[in-house]
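Shared between the two complexes below is subunit A, which has subunit B as its partner in the first and subunit C in the second.
And now, the complex of A and B:
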């Protein structure tokens, strides 16, 4: 098995929840990412952000997981924020038009400043 | 004139092995002088082509192999990804994914790979193969991005 398992660790600021994603973002990471998201909502944050700063590999099945998460968030009236991904993956996210439904930020500072 | 070089890699149809093809294609592209941004594009394209072969072409049967053949020409890098066609022939069309339809639950959240590949490389598509000959997907990256033909 050459994939690096997805890890999703939750931390909180005053009014936001940040999920630090590490390892590979693939279909196999769905449980880790969605589990952390559900845990994040328990604190009723103003916004949930996903930080991909420690992620080197994202494939389209992983993007499908993100789309599914963004879709679930949207149904609850929430909009997820994304940051930390490389310029290449920002381009791929943009190709599939993910930014129409999830805000992308350059850094954690910019993400938190948006609140 | 630079001599043509061919490198082949055979991987089992198990998720994760596509990374070996990514690394190999990146090494060749770097040797050919591709810019880092284009190497990232190539890596994602090769990964998605291999995933397609593993998941759809070979139906995740680990005993069915995927072959990646990389050919370095004077002016381009060709990457051919072969599977055993256990999932049948590929669809005739690959429509652009529609995020609005996905969000509305009217379209699968997946099925973006071929579209993404085509946006990232100079040419990409299935090559016609004999019946029962499996599938062959070809990616073309030109050395000079100015020659990119879209």
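And now, the complex of A and C:
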């Protein structure tokens, strides 16, 4: 199975930064996701959200990248928000205890309403 | 593959290999020599210097010794390059080789011209010398370039063969880390299987005898694949074995293993672990999980997930791990697995998923442990899009006999 490259596009709302993650999240996606996160922080948003609405596959290395990102954010006093995941990956995120370091939302509306 | 690269390895790396270079010069230059001679013969045949065939033979006889000689003179330069292999870039080596050979080609042009002068009845025009001076140095410089490309090819082939061999050895060593036999437990049927996606993998399962008939069982998944995952797998397995033998219970065992692994892993690596201690006499099983997919328990067409959670090992030093105990009734089947099973993808990029695995368990849960394991495997294979396994896959089945 060929992995689709990870893409991370940053967009901003009034007080939040949203990183739309598409493709497959693997170790190759680390630079794209972490790069977008650093870029997101430059605008000093109240919160950064990762949107997985267009993500089809996340392997263990991709999970490791996400855990590393949310843990680093946590150390800096920030709590990242996650939404758009399929039910499968919502369960996987719960198994690896991602909710300890990041909040999970059902939709973008719910995520933005949390601000 | 070994024999192939040994056959192809005609490089001059030691003084004793000197005889190879004239041969390489001749082989590489033979087509060039023939082309040049044909050109000269066609050119000369229109003039007063003899017929086509006579000039062709004269051209070949004149050029071949030049190439052989060039190769021979090239030996000291080649040995000098080889001694500086670590410091000399391939491009620099190509420039040195081609430059030296081009200078030699100039000498060869004069020698060839002198031979033609001596061999032909009528004196050749000075343009023939110009032709020799252009073609010979360029032709022979090409030998240097081709030799560099050839050398790089053989070198890469050698490296790749060595890597393949090392991977094969590593794979054998890793296979040796898996239990040779599945333990027999009174009143229970046990089966387990692991297939890495590459030569080596990050999934593993293992058992440890805890005394009094109790059995420690682990299934784990290291993030990533291939050699880095295999190294972390070996580390995680030995750490777990050392801690498990102290018999402090699954939760405490994982806590201590985590503290140790946190020192060995970087921020982008972790290990999911499911450690279960089976007490066959009490017909009880106690689980602790470090980010691993939940155990499934089947009995009489009912499936339930054992809700046991914990942070994967290697992420946070202060992580603690809860324990969940379960009484096993006759006929209960416990299925443990890694994410490679539920993340098998079909051609439409749909995942086999938790639902797919539960469907297999629903249909085949009454089978014996080995049979259920095989049917789970077959179902994932049938679902998957091709033979290219994307992730390591491991399944362990424990069945309480009636």
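Methods note: the second predicted complex is superposed on the first by the 114 of 115 C-alpha atoms of A that agree within 3 Å, B and C clash if a C-alpha of one lies under 4 Å from a C-alpha of the other, contacts with A are read in each partner's own complex, and residues count from 1 in each chain.
One rule holds for everything that comes next: a residue touches a chain if its C-beta (ideal position, glycine included) is under 8 Å from a C-beta of that chain, and two chains touch if they have at least 3 such contacts.
What you see is a predicted model; the values in this text were computed from it and never measured.
Applying the stated clash criterion after superposition on subunit A shows that subunit B and subunit C collide.
Of the two partner chains, neither subunit B nor subunit C is touched by A:5. In the superposition on chain A, A:30 contacts subunit C only, with no contact to subunit B. When both complexes are overlaid on chain A, the residue A:70 reaches subunit B alone and has no touch with subunit C.
When the two complexes are overlaid on their common chain A, residue A:57 makes contact with subunit B and with subunit C alike. In the superposition on chain A, contact is made by A:95 with both subunit B and subunit C. Contacts of A:109 after superposition on the shared chain: neither subunit B nor subunit C is touched. Residues 1, 57, 59-61, 63-65, 67-68, 71, 88, 92, 95-97, 100 of subunit A lie at the contact with subunit B in one complex and at the contact with subunit C in the other. Considering their complex, residues 1, 27, 30, 56-57, 59-61, 63-65, 67-68, 71-72, 88, 91-92, 94-97, 100 of subunit A touch subunit C.
Touching subunit B in their complex are the following residues of subunit A: 1-3, 26, 28, 57, 59-61, 63-65, 67-68, 70-71, 74, 86-88, 92, 95-98, 100-101. Contacts from subunit C toward subunit A in the complex involve residues 202, 221-225, 267-270, 272, 289, 291-294, 309-312, 315-316, 339, 342-343, 345, 349, 351, 353-354, 385-386, 388, 390-391. If you check the complex, the residues on subunit B that touch subunit A are 14-20, 37, 40-41, 44, 47-48, 51, 97, 99-100, 102-103, 105, 108-110, 112-113, 115-116, 119-120.
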